[in-house]
Each structure stands twice: as C-alpha cells, then as structure tokens.
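In the two complexes that follow, chain A is the common piece, with chain B as its partner first and chain C second.
Right after this comes the complex of A and B.
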C-alpha cells in the first residue's frame, strides 16, 4: 500500500461517534414514528396504489427515515474503515444529517397532511442531504481499487440514487403541476430504484463485509461481488425502464434478472457462511435470514404487479414485502448488531478496555421486537390480501410495539455504555 | 494501546513490511533440474538499487547466498514456510541488520505464526478482510497462544478490538507505521 494513496492514521479513520450515532438514533425514532403513522393510515392501505395521505407518509418514514438513515450512518462509519480512505470532512457528514433529517420530517408531514409546500421543501432538503452523501461516498470510492465486491454495489446504489431522486422530485412537483399523464409508472420506477437500487444494492454490498465479519467466515470472492453488482445494475435499468415506459413485460424481465442476481448473492453469502468459525449464529441472524427469504419473495410479488395481476392486491403487497418485509427486517437485524459493536469499538478508541458487546446487549427487548415484527409482517400481508383494514391496523399496533421494544434496547445500550465510560474514567 | 509511536522491539525487521509485495524469484525449479541459480540471483541482485528488495524462494535456507549478498550490502530475513520452502527477503540497506530467521507456520487463512522471545507472533499483513481477524481470533482461541501474542498487521484493526475484549484480551501496546502496525496482545488476568 506504500505510495498507493493516502493512508490515514487510526484516529482519522474513526469518525467521532456522534456522527454515526445521530443517524442511528434518528432511525430508531423514525421507526416508531413510521409504525405510528401506519396505524393512522391503516384504513387506506388495503387496495393502496398511490396517493397522498398517512399511508404514503408511513412508507416514506420507513424508507427515508429508517432505512436510508441507517444506511447513511453505517456508510459514514464503515466505508472509511473498510476502504482505508478518508470519507471527507466531519462537518460534511454532519451537514448531511442537518439537511436530510428535517427534510424527511417535512416531506412526510407534507405527505400525511397533503401540504404542497412542506413536500416541496422537504423533498429538496432530502435530495440536498443525499447529494452531499453521494459526493462524499463517490470521492471515497474513486480512491479504492481493492474492494470491488463492495464498491461495485455502492456505485450501483449511487446511480440508483440519482435516478430515484429525479423521479421523486418529479412526483412531488407533479402533485400541484399535474404534468405527468400517469403517475403510477413513475412511482413504480421510483420504488424499484429506491428499494432494490439504492437501499438494496447497499445492503447487498455491505453484506459482503458485514456478514463474514459477524460470523467470522471467509469473504465472498470478488468475482461474485462484481457479478451481482452487474446483474443488479442490469435488472434495475430494465425494470425501471420498463416501468417508466409502461411495459409490464420489460419490467418483469428486469425482475427476472434481479432474481438471478439475488440467487447468486444469497448462494455466495451462504457458501461463505459454511466456512464460519462462529458456529452458533447470534440472535440477530433470525431477522437477517427472514429478510433473505423475503427479498426474492418481494421480487416475485413485483413480477405479479408488472404483469398486471390484480393490482389492487399485488401492488400494496409488493410494497409491504419490499419495505417492511425485506428491507426493514434486514436493517433492524443488522442495526441491533452494529450499534453495540460500534459502541464497543468507540469505547476503546482512545486506550483502555472496550466495553464488552455482550454486556451492552439486552436480549429480551430484541426478542420482543423480533416476535412483534414477525407478527406485524404476517398480519399486514394477510390484511392486504384479504382487504381487511382491521388486520392492517393490528399489524401496525404490533409493529409499533416492536419498534418501542427496539428503542428500549438501543436506550439500554447507550445507558450501559455511559456507565462503563464513567467507571473507566 | 498506550504506546502508538514507540519503535517495535523484537520480531522481523521494520523493512519487511515494504517487501511483502515484491514477487519472489523462485529458484526451486532450477535446483530441481540440477542448475545452479547463483548467477541468476547475483545478476538480479546487481539490479537492486540502495533501499530496494529482492525476494528469493529456495528449497533450503541459503546461508552461503545470504553471506555473499551481505558482502554486497544486503540484509536478509528468512522464513521457513514449510518443508522444502524457504522465503528469504533481501534488503539493500548496507547490511544494517544483516541476518534474521524465523521458523514459521502458515495457517488456513495464510497468516504466518512463529515464536520469539516476547511470545507468539502472527503476521496477517496482505490478507484480505476478514481473514486477518479470523486468523488472529483462531490463534487466540487455540491452546498455543500463551499469555502474549504479537500481531503484525497492515492497518489498525478497528473491528478486532471488540472481539478481543469479548475474549478477555487487551492491547497492551501498539506501534503504527504505514502498512506496518504491530500490536502486543495480552490475556487479561
């Protein structure tokens, strides 16, 4: 690595803990807010195919508020350590949060209350925050050549981010101006690029680092990582292009390519896990495994939407499986592992013994969360398929209680970390 | 982690970190067919500028060669990588620390371990993550680790520290140079 670029010192690679943890804390609060908003809008969800209101707001509280916010915090923390290259100035990372978080709140309030100015202002702030993030990450990736499995997926995610941001702003502007003849195809392409492109690609790319590290296994071969990034990129272009063009068959073809990419990804991850030193998987893996099942299931539901099968049933079910099923399940599983891990890592960054992860984690709230989250997923899917608002409401109550249990877990981590820090002073 | 800047004591020479990427000149095939590789090695050595490196793979510890090259200003460090396989790193530095050796074992991840006066050493440089972490934890979990292990790494292994703490190990000392981080790990209690 000598002469291969700027190698940073240890202190430079670890961002101040306030940077990642402000994102994680925000995600945990938005998780509660998202389920609460879903409860408010539960009656509108069966048969939902778009339109403003608390249902759309709940969806965006989850996607922007929980999923993307977690991804931003994780990327800021993990990318510089993994790539050994500076991400950028700390103030820029903080600026991302200051632009992005108020933007999400405004945008979602605007959607819930059907207030144009709030949606416009919120949408612009969100895009501005994401633009700062994209510039920081792109600068980092341009200096890296030795992590193709991860960087390939991050580049795909950044390209998808550009597309979804443009489509998102178009959709917001169209609420007042009404220049789109049909909003549905643009909303579908926006959802594909957001769910499988930006968040999905980052989840797949970061999995190539995080899963082997958590289970102590061999990594996924670079060639496989490159292959899945290429397949995903092709799938996104075909699926989103087909959606915008109004061609369900082309969009479905994109879904099939995506399924192939997902198959290669999961097979590689499972093969790597076969080599693991940590034979007994930690409890957070129950959510990760459920998410891995729901990822291809969500694509199959998307195929049904693309091929026009009963859209009043398949469209909301696809959204449910994509956002609440695959992404929220995966992110909440990973989040419950990386929060104590990063707290432990930071606690030892300036000398002294790091606080033990096992002492930070309170397992009962996590078990409660896992059970309630699973119940919420099942009730929600049943409610959307049967057209029962009551079941969707019950799903929201279960999800909300699970989110509160998750918040209890996170609060306990920080309380215990603070106690360790006061003791070791 | 109370000494990040102090010079390393014991273990392989500091210059070794810069030699790990140098492709070796493997003379084993020549010796296998009865050819003497000395001229080829001396010719290659003549091309090495001051500060440069030559790496030779041989079927035995080539002591005569090391003395010949020492006379030409090379220090050398040899590693026994296994039966019939020695790797000798030559560094043209005016033979400041002209000869050192280590009997090494190569683990499943490709990490090299050897024993010195200050404990068991493990070199995980140039391994692809997460193999360095796996190799270190595999060693610490084994019976051969003893009370102190010295880790040779090419980066500060931030992700390793929580796992060390979980296993009851602490980082007693760390020295840090570009591509050459050394950690002295001690078992708690």
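Right after this comes the complex of A and C.
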C-alpha cells in the first residue's frame, strides 16, 4: 500500500525543522545563483556539448544545488514517516548538509573559473555528503519490507547515485590528467544516471506518495510501482551502458525502455488523479503537469542525441529539457507545496493549533514565478534551436526573475510562520 | 486511498461525503461577493450543510477519539493520536459555528452583514482545516488501520462505527 504511514507516527518522526529547511533554503538560494550563472554563460550555451565555464557551472548549480539539495531535504523528512522506521541520527543529516553544500559551491566555482583544485575539493565533498546520505537511506530501506513501489525507486536512485558519482569524479580527475580518450560518452552516461536515475527515480517514487495525498485519491498499486522501478532500472543500465560503450543504438534502446516505464508511471498517476476526491487542483499543479509533459519530451530529445542527429542542436536541447524543463519545473512545483505543508505540520507539533497554509502562502510571487519560468523554458529552447545567444540570455533573465519571485514566496512563508509562532506563545 | 480494513473503508466513505459537502461550501463561498438572498435552493443547501456538519463531523470525530485512537495508544502510537485529536479540537467548534450560522440564516430568512462575514470567514477556515485533516487521515490513518489493527478488532470497530455513526 503506497503512502501507508506517511502521517502515522509523523509527529514522532518529524525531524527538527532546521534539518529539512536548511536544505530547502539552500536550494532556493542556489536557484537564484544558477540562473544568474546561466546569464553569465549564456553566450556559450548554443551548440554546447561540454567543456568548463559558466555554462557547466550553471548546469551543476541547478542539478546539485537545487534539484539534489531539495531531494536530500525531502528524503530526510519523508522517508522515515513513509517507512515508519528511523532514518538515523540527526547529526548525520546535518553532516550531509555541511559536507555537501560547501562542496557544491566549490565545485561550481571551480567549473566556472576553470580551477582544478576547487573542482577536486568540491567534487570530493559533494561525494562525501552524498555517501552519508546514501548510507542513512540504505539503512532505513533495509528495515522495510512493505512500500515496494517507493523503496524500489529509492534503491534504483541509490544505485544510480553510485554510478553517477564514480563517473563524475572520473570526469573531474580527467580535466587535469586527460586519461579519457573521449569525455562525451562518459558525460552523457553521467547525465543519464543523474537526471533519470538519481533525481528521476526519486521523483517518480515520491510521486506515488505525494500526489495521491495532495489530491485525495486512490493510491498507485504496488505492482505498478514495482514495474516502473524495474523498467527504469533496465532503461538506465542499457542507456548509460550504451553511452559509455559509444553505441548510440544501444543508448537509444535504453531511452525507448525508459519511455515505456514513463508511460506506465504517468498512466498510473493520471489514473490516481481521475479518482481524486479533491476536484479543485491547487496552483502548484500547473508546474507539476507541465513537468509530466516535459519528462517524455526530454527522453525523445535524448533519443535524437543518441542517434547522432545534429548533436550541436539536440545535445544542449536535451540537457535543457531534462534539467530546466522536466526536473526544475517538477521540483519547484513540489517545493512550493511541501514548504508550507511542513511549516504547518511543525507549527502544530507541540499541541498548538496549526497555522493555515493559506495564511502562509503568498500566491502572487508563485504566479510570477510560474509565468517567468515558463517563458524562460520557451525562450531557452528557442535560443538553443536557433543558435541565438540573445534568446538564451533573455531566458536566463526571465528565469532569474522567476527564481527571485520564488525566494520572495519562501521568505514570506518563514516570516508568517514566525509571526504565528510568536502569537501562539 | 487503498485500504483493506472494514473500518478504513467506512471512514473513507465518510471522508468522501465530508469532502463533497466542503467542496460545495467552497464553491458557494467562491461565488458570493456579498450576502446572498435566501431562496429555496440556498435554504436546502444551508439545511443540508448544517445537518452534515453536526452529524457527520461530530460523530466521526467521536468514533475516532473514543474507539479507534485507544487502539493506537495501546500500541504506543501516541504522536498521531495527539496530532489528530488536537486538530479535532480546532475543527469541531468551527464546524458547529458554521452549522449554527447556516441554521440561523435559514431561521432568520437570510444572512445579515455580520452573520454573512462570520459565515464566510469561518466557512473558508473550516474547508481548509478539514481538508488538510482528511488528507492526513486518508494517507496515514487508514493505512495504519490496515497495518496495525488485527481483523478481529477491525470487525469490532466497524460494528461500533455502524452503531454509533451511521
């Protein structure tokens, strides 16, 4: 049964708010930094197929800084309540942040300024932080026999994390040593494992819990969750293996298997939406629904890359659709819902009346963010397809303004929560 | 929500009825900019609303607190019991207030300005608090009944539910 126990025992297992919220606050700041860095590197993005500089730094500020950081905070909070098992000591969760966050900053600065020592030190810190996270999560999962759909996806994500970390460290080390004859295939496999493996599998697994809860619907059957986890695992092995081996056809086959898995996943999620008791969808669903569309579209763009169709156009477009399109859209949609949700839960955790979410959320900044994010996606895609640095720059400006609006929303949530807490005392 | 227990199924059916009522209230409040005139349709809606809120919310909460939560407390699951009980304490007076205002409007032949403002504000707060509460119960409580309540206790609880709530 999916989502069983998400709330049961939740109060007993709610982490101190400082743990998840330090990750979420970091993600929100990195979101601004990522778009700003993209603006700096906008001229290099049309035709981008790799190489150090602000473009690569912007990509990693988004993937490591925003997407993974959000997932770490969410996983630390959601897994123990979903599995009804303790995750591990709180100090270890904090240690993850202390290793990981400076690591991301150093790594991205190193990439932007093409400084080897910063990339090496940052890369090692990032991997160390992720290793602590992986140990904590694996220990938790080993105690769980139910929730196969969620745990299956988390295991796939951990396996992908191992692969992407090894490939990432190889790529960083190769910058100085130059032992890889061709960096492209390794970078492609790294991107597949990071985007669809680590981030993608966690997004799919947690969706099986979160979406039915938000819309009050039937859960997704365990059998479907197991099936999507297996299909995704197979797709990742084939696609990443094909990429490393330099076989575009095999990599494309992995993409096709991935598309089948995504189809099964989306059909199950849409079936859950059909049975929902809550007819009015909350505004964050506009981003989540856009992300559901962009997920398979990104895989189709990946197929074009694998089959070698105009890589100077398809490679940057694939990266754009995967990271900024599907993942960033999905994560910013979910983040704008779980921040007030958790703040409200914590506000009632000690017996007081929980603050209403509607009193925490300022909708106008979120509407501004949604519009500007959508504009940024469209301009970016158009710029990469037409080779126009001007359009990419405009996309970065729009994305940056949207990220600032998102930061305003988050700041207002915390200010309002603090005001409620002072009033309740 | 997927649930295999009799008690969970009964609570789920009750949640569906409550959500349907709350959504009607939410739509009604969203349509009105000022106090509406009382016609036959509105009278019927307000009477139904008052009855649902009094009967279903009070008896539903009563069943959970008096019969279901003790089963969880015995198993050491005190956190959820305290959290949901505290929410009941916040929601029940609101539900009674909205029911009273609805019944009062029917009796008085409509809302005056103050009664309308009170009805609109307390109604909107009730919708939000109750839906948040049902979200937690649907995803946590119902699954936990399946996981933690044995079949014999489940049958006994379902029988008690049918006797006291329906």
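In this text, the second predicted complex is superposed on the first by the 413 of 425 C-alpha atoms of A that agree within 3 Å, B and C clash if a C-alpha of one lies under 4 Å from a C-alpha of the other, contacts with A are read in each partner's own complex, and residues count from 1 in each chain.
FYI, a residue touches a chain if its C-beta (ideal position, glycine included) is under 8 Å from a C-beta of that chain, and two chains touch if they have at least 3 such contacts.
Everything numeric here is computed off the predicted structure, so don't read it as measured data.
Once chain A of one complex is fitted onto chain A of the other, the partner contacts of A:102 are absent, as it touches neither chain B nor chain C. Of the two partner chains placed around the shared chain by superposition, chain C is the only one that A:280 touches, whereas chain B remains out of contact.
By the document's definition of touching, both partners, chain B and chain C, reach A:213. In the superposition on chain A, contact is made by A:353 with both chain B and chain C.
Contacts of A:17 after superposition on the shared chain: neither chain B nor chain C is touched. Once the two complexes are laid over each other on the shared chain, residue contacts for A:344 go to chain B and to chain C alike.
Touched by chain B in one complex and by chain C in the other are residues 1-2, 7, 9-10, 13, 209, 212-213, 216-219, 277, 344, 348-349, 351, 353-354, 356-358 of chain A.
Chain C makes touch with chain A in their complex at residues 1-4, 15-16, 19-20, 23, 26, 77-80, 82-83, 86-87, 90, 125, 128-129, 131-132, 134-141, 143-144, 146-147. Of all residues in chain A, those touching chain B in their complex are 1-2, 7, 9-10, 13-14, 81-82, 84, 209, 212-213, 216-219, 277, 341, 344-345, 348-349, 351, 353-358. Contact residues on chain B toward chain A in their complex (touch as defined above): 1-2, 4, 18, 128-131, 133-134, 137-138, 141, 154-156, 158-159, 161-162, 164-166, 170, 176, 178-179, 188. Within the complex formed with chain C, the chain A residues making contact are 1-13, 146, 209, 212-214, 216-219, 221, 277-280, 344, 348-349, 351-354, 356-358.
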